[in-house]
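Paired with subunit B in one complex and with subunit C in the other, subunit A is shared by the two complexes that follow.
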Partner chain A sequence: MTDTALGIVGRRLLAAVPILIVVSALVFVVLRLIPADPLGMSLPPNATEADVETMRHEMGLDRPIPEQYVIWLGHIARGDLGISSHFRQRVTGLIAAALPTTLELVASGLILGILLGLTGGLLMFEGRGRVTEQVTDIGSLVVMSIPEFLWAIFLILALGVGLRLLPFIGRLDADMTVPPVTGFLLVDSLVDGQLNAFASVAAHLLLPALALGLALAPLIMRVLRSSLIDTYVEDYITLARLRGLSERRILLRHALKNAALPTASLIGVQAGFMFGGTLLVEVIYTFPGIGNLMVEAVRNHDLPLIQGIALVYCVIVLVINTVVDLAYLALNPKLRRQ
Partner chain B sequence: MSEMLRRALAEPRVRVGAIITLFVLAVAIFAPLLAPHDPTEQDLVNTLLPPMWQDGGDPSFVLGTDSLGRDILSRLIYGARVAMTVAVVAAFGAALLGSAFALIAGYFGGVVDWLICRAVDVWMSFPPVILSLILMVGLGTGLRNVILAIVIVDWTRFCRVVRSEVLAVMKRDYIPAARLVGFSHTRVILREVLPAVTPLLLTLLSIEMGIAVIVEAILSFVGLSVEADLPAWGVMIADARGYMYEAAWGLIVPVLGIFVTVLGTNILGDGLRRSLDPRLAQRLAAVR
Partner chain C sequence: MTVEFTRRSALGLSGAAAALAGLGLPAWAQARDAITIAFPNDVPTWDPNARVLQGAQSFYKCVFDSPLTQAPDLSPLPNLAKAWRYRDTASLELEIELRGDATFHDGSKVTAEDFRFTFDERPKAPVAAGGRKLDTGFIWRKVKAVTVESPTRAVMQFTEVMPSAVTWLYFMASFVVPKAYIEKVGVDGFAAKPIGSGPYRLAEYQQGARVVLEAFDRHWAGAPKLKRVTIEIVQDPSARVAAIEAGRADLAVDLPIRETQRLGGRPGLVGRIDPIADILIIEVNHVGAFEREEVRLAAHHAIDKRAISKAFYAGKAIPIDVPAAHGTPGYPKEFHVAYDPAQAKALLAKAGVSAGAPAQITFFTTKGVFPNDFEVAQAIAAMWKKVGIVADLQVMELPKYQELLRAGKLPEATMYQWGNTTGDPEMYGGYLLDPKSIFSSYKSPDLGERVAPLLVESDPARRAEGYRELHRYAVEKGYSIPLFQGIKTVAYQKALAYKPYANGWILPQDYALKG
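What follows is the complex of A and B.
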């Protein structure tokens, strides 16, 4: 088991290096197509021609693109992503400060989405062949047609502006401060022993996380339902029935475990996509995560920052893929024996 | 082909989805005839008007006005133009590119297949929204570039799924048979393999139209989509967000526009999948 798990991690790590190199080259070249001069954004309006040239030289923009790329790659290898042209700070620092916010949000969104999706999928399956199937099926299609950022707006209008139940700006009430330890405010507020701050963080997290979760849930529902349908034609289900096991036990103990594989791989792919989905959710809820940072970077044509965040996204997706492979291994005994 | 159409139309979902999608398409095509106002015309006296049926509403602005006094209904109607142009052109472009690569990869296999699959791997190591944002920075804004960005990002959705279908088709006897008769590769691909994957392609195409609408809305929300003078739904949302306490309506209208359009293409796609995929039909029959 551990050998295979190590094998998977090793293989993924080896594959990650060429993928990261190709991705970084692609991003680098695409950003060099830029129609506007990236320097225009980072210089004061009264800059002289000489200032521009000095800046161009400082940023290495006067060299050929392949040379710029190799230099950049060399810096990355040393953990240096350069300096943001807009914020005038190290890209690594900006990303490190924003990343926990996004991770906390996506993790909460994933948990909510998986809970809602699994419950919904089981209900849909239980109602098969009855009117409820039609209703839940159409219902899931309707819910599926609402992307994260529309959920984000719906939830603000309904629960924030309408009923005034939940906060929807930022991560914490303005009058509270939590000393940063991990950057994950749910953790930091507890470390500091501030229960009211913890409650505030959780309340601020609820709507954006729900927006992400609601976009994920119908996909899980539908895949789980159809893999359960597939599973129920297998002989071992008939066998379990002949053994006199209750339907509930058959569903929860036998069918669900086997139907979990396609659902797990869907969750893996969608978890990667969710990092794209948080982008607007973060903007809409004023969450200072990497999605918000990316939008800022893009608006300001901040090339070093865009490149840095792009690489971080790529690393995140590669890590998720590895985790999904490991989950597959844990769920599917056949793979373990090989 | 007509047999396929008949089977598809027998499914109520296909009919409902097609009606919604064709409705939005018709609104987009006939926008100049339908819109009561110029969507960019500002009326600074009548800003943030509520819909006509609410207190203070003006019958000449049916759904009210935005913060610059522009008619929301007209912007909604013209927004359908941007959305459907992007949806149709980008979805066809992505389908064309993706299925061409899928057919080549699945049919020839070997090194070609390996290369195409690795390219898909690279693309899949990025959240699609992030990739399209980066492309928009590189390409610059504008309708043509939005379409181009979506095609470049989303061809992999087609390539992955269609390729595995092509691999399944290649196992059938009539493919080697067609080669033995002396048909060229091109002919076998276009006449034998392509028709077999067409049902899947149509399903994906319908769903991709919805995805393209969402991506365009996201890009225009961020201000990186079509030209500034084109009314896009994402721009409407971004504009109305600052006034959601006074004029929630301006936010709700474009949100509904996006929702209805995506719902139509999703229902259509689901219906096509159900009516055209023989394996799914068998599976459902086995359970009931």
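What follows is the complex of A and C.
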């Protein structure tokens, strides 16, 4: 098991190098070919053409693109992603400060999405052939057809403005302060012993996480239902029934474990997409994560920051793929034997 | 598997709902000397000398003090500087007398040495490898030296006349920073934990999310009435509307026009749409059909600005006839460009344009950069079509605009909002019409001849008169098509005593809570 897992991680690491080089080159070249001036919005109104040239030189934009790219790669190798032209701060610092917010949000979205998806999938399967199946089927189709950002707005209007039940701005109540330790506010509030702050962070996470989770839940529901239907024609289910096991036990202890494999793959793929979904959700809910940062970077044509965040997204997807492979390995005994 | 809905589960659910409702306190639940503001943007950095960004000025003015400031009607006021004057007739030596009772948030005194550090030493400091020059390095390039004559007196010496120097002392990036503190903690340390001499100290900052300000009790002007101000950075306008509507903010800034009107009609809320000193203009380039002066002038006469203001800005966007705001020194009183479709048609006919052979132009606009920009551009294109100008309306992003502007490749017409919180005419025509400026679209030698002397004119009266003539000339030649003054939209709880500024500043130090 350990050797196989190490092999998977090793192969993924080896594959990651060329993937990162190709992605970085693509992002770098495309950004420089777009007809847009990164300097114009970062100069005072009395700036002169000479000032433009000074700034262009400072940012290395007066060099040929391949040379710029090689210099940038050299800096990356040393862990330096450059300086943001908008924020005038190190890109690594900006990303490091924003990443925990996004990870916390995506993790919450995944948990909610999985919980809703598994519950819905089981309900759909249990109600097969009955009205319950039709209702959950239509419900999942409706939920699936609405994108994350629309859910974000609907949820604000319904639960934030209409019922005034949940907060929808930022990560914490205005009168609370949590000293940053890890950047994960759920953790930091507990570290600081502030239970009321923990509750506030959790409440602030609910709506954006739900907006993200609602994009995932119907997919899980439908895949789980199909997998369970396939699983229930297997001989071991018939044998379990002959052994007198209850339907609940057969479902939860035998069928669900086998039906979970395709669901796990789906969750892995969708987790990558969920990071993409954070772009608008973070803006709408004022979450200072890398999605929000990316929107700001694009708005200001901040080349070093866009490049840095794009690389981070790429690394995140590679990590998720590796984790999914490992999860698959853990769930599937056949793979372990191979 | 069935779910049994019992009295116990019902009680549990209602308990959970009550617990949820208790989480996340709305703005009104805060102490009555504290408010929450839903603001559309953040500061890029807490080093106030690093960047010129109009949207960041309100933040900086809370934490830092500039030598001068402005009254709500834009007139300059003493601030850290209690007096200022040119010592010589050539206007090359500007004496600044600082007040003696100002202190930074760490208790140290604000002195002339800090002033020298801010306006001389920092702008000229060598840029570290991979670093970026401060914007004050560009702004104050004409400063030869700043000499310190006493703890409260400094003299700015210029290499050449800088008539806008006094204006720049209350414009962007000109905030006095603490020399000793920056030398102690470094520039990065300062940006991470900034201290200034402003009415609020920065208590908490989450980039892109939240700024918490606490009143500085020892501020020279007295402690602000509001002791704690939480500024939530809410980029999405719908979310800002929701924030004020749900009572989670006491003040929401830059809202859509219709929403501002709607919110103003709700009990307990006030909605305001105020004109500000920014201007909305059509930048003209002498290419294609706009090479002909008659076509450019016809394009101006064909626009019914009042109708557009009424349709899209509730009549609050004040039409302008020159590229400056009403009541500012560069605005000529006796000049008006009439909405006159008949004259537009006559001018076009003179240029050989007819219904069968309309003038074809490309018209760039932003979309979502300022309220209803795209809709206004559509209306203008429709008005042009009626007189014989067919505009190919295209949406462009600001970085693309900058690229085309720099390359001299802008199309015939581009709708653009120009910010100027000072009202100073140099910040209007001086930069917009000077062919040497990187922000001017119409590069014409005759404009250059008129702008150049104004950029070194030190007599305020002659300078203002010169800019009025320049603005008028540019419009008469069709080099610029001014449209409206910008607008500021806000909605706030009735309990808040809000003070509007004609430049759109949002300054909580001037607000209070009633009752």
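Quick notes on this one:
By our rule, the second predicted complex is superposed on the first by the 338 of 338 C-alpha atoms of A that agree within 3 Å, B and C clash if a C-alpha of one lies under 4 Å from a C-alpha of the other, contacts with A are read in each partner's own complex, and residues count from 1 in each chain.
Everything below uses one rule, namely that a residue touches a chain if its C-beta (ideal position, glycine included) is under 8 Å from a C-beta of that chain, and two chains touch if they have at least 3 such contacts.
Everything numeric in this text was worked out from a predicted model, so none of it was measured.
By the touch criterion stated above, A:E126 is placed in contact with subunit C alone, subunit B being left untouched. Of the two partner chains placed by superposition, A:L14 touches none, neither subunit B nor subunit C. In the superposed pair of complexes, A:V22 makes contact with subunit B only, with no contact to subunit C. Contact with subunit C, but none with subunit B, is seen for A:D175 once the two complexes are overlaid on the shared chain. Judged by the touch definition given at the top, the superposed model places A:Y232 against subunit B, while subunit C stays out of reach. Counting residues of subunit A touched by each partner, subunit B versus subunit C, the larger count belongs to C.
When the two complexes are overlaid on their common chain A, residue A:N292 makes contact with subunit C while staying clear of subunit B. Touch criterion met: A:I284 reaches subunit B and subunit C at once.
In the superposition on chain A, contact is made by A:I156 with both subunit B and subunit C. Applying the stated contact rule after C-alpha superposition, one finds that A:I306 touches subunit B and leaves subunit C untouched. Put simply, subunit A uses residues 34-36, 153, 156-157, 161, 283-284, 295, 299, 301 to touch subunit B in one complex and subunit C in the other. Contact residues of subunit A toward subunit C in the complex are 34-49, 51-52, 54-55, 58-59, 80, 82-83, 85-89, 94, 97-98, 122-123, 126, 153, 156-157, 160-161, 164-175, 177, 199-200, 202-204, 206, 248, 283-288, 292-293, 295-296, 299-301.
Those residues of subunit C lying in contact with subunit A across their complex are 1, 17, 20-21, 23-27, 30-31, 34, 36, 38, 42, 44-45, 47, 50-52, 127, 130-133, 135, 138-139, 164, 172-173, 191, 203-204, 206-210, 212, 228, 230, 232-236, 238-239, 242-243, 245-249, 397-406, 427, 431, 436-439.
The touching residues of subunit B, counted against subunit A in their complex, run 121-122, 124-130, 133-140, 210, 214, 217-218, 221-224, 237, 241, 244-245, 248, 251-252, 255, 258-259, 262-263, 266-267, 270, 283-284, 286-288.
Subunit A contributes residues 15, 19, 22-23, 26-27, 30-36, 128-129, 141-142, 144-147, 149-150, 153-154, 156-157, 161, 229-230, 232-233, 272-277, 279-280, 283-284, 294-295, 298-299, 301, 306, 309-310, 313-314, 317-318, 321 to its touches with subunit B in the complex.
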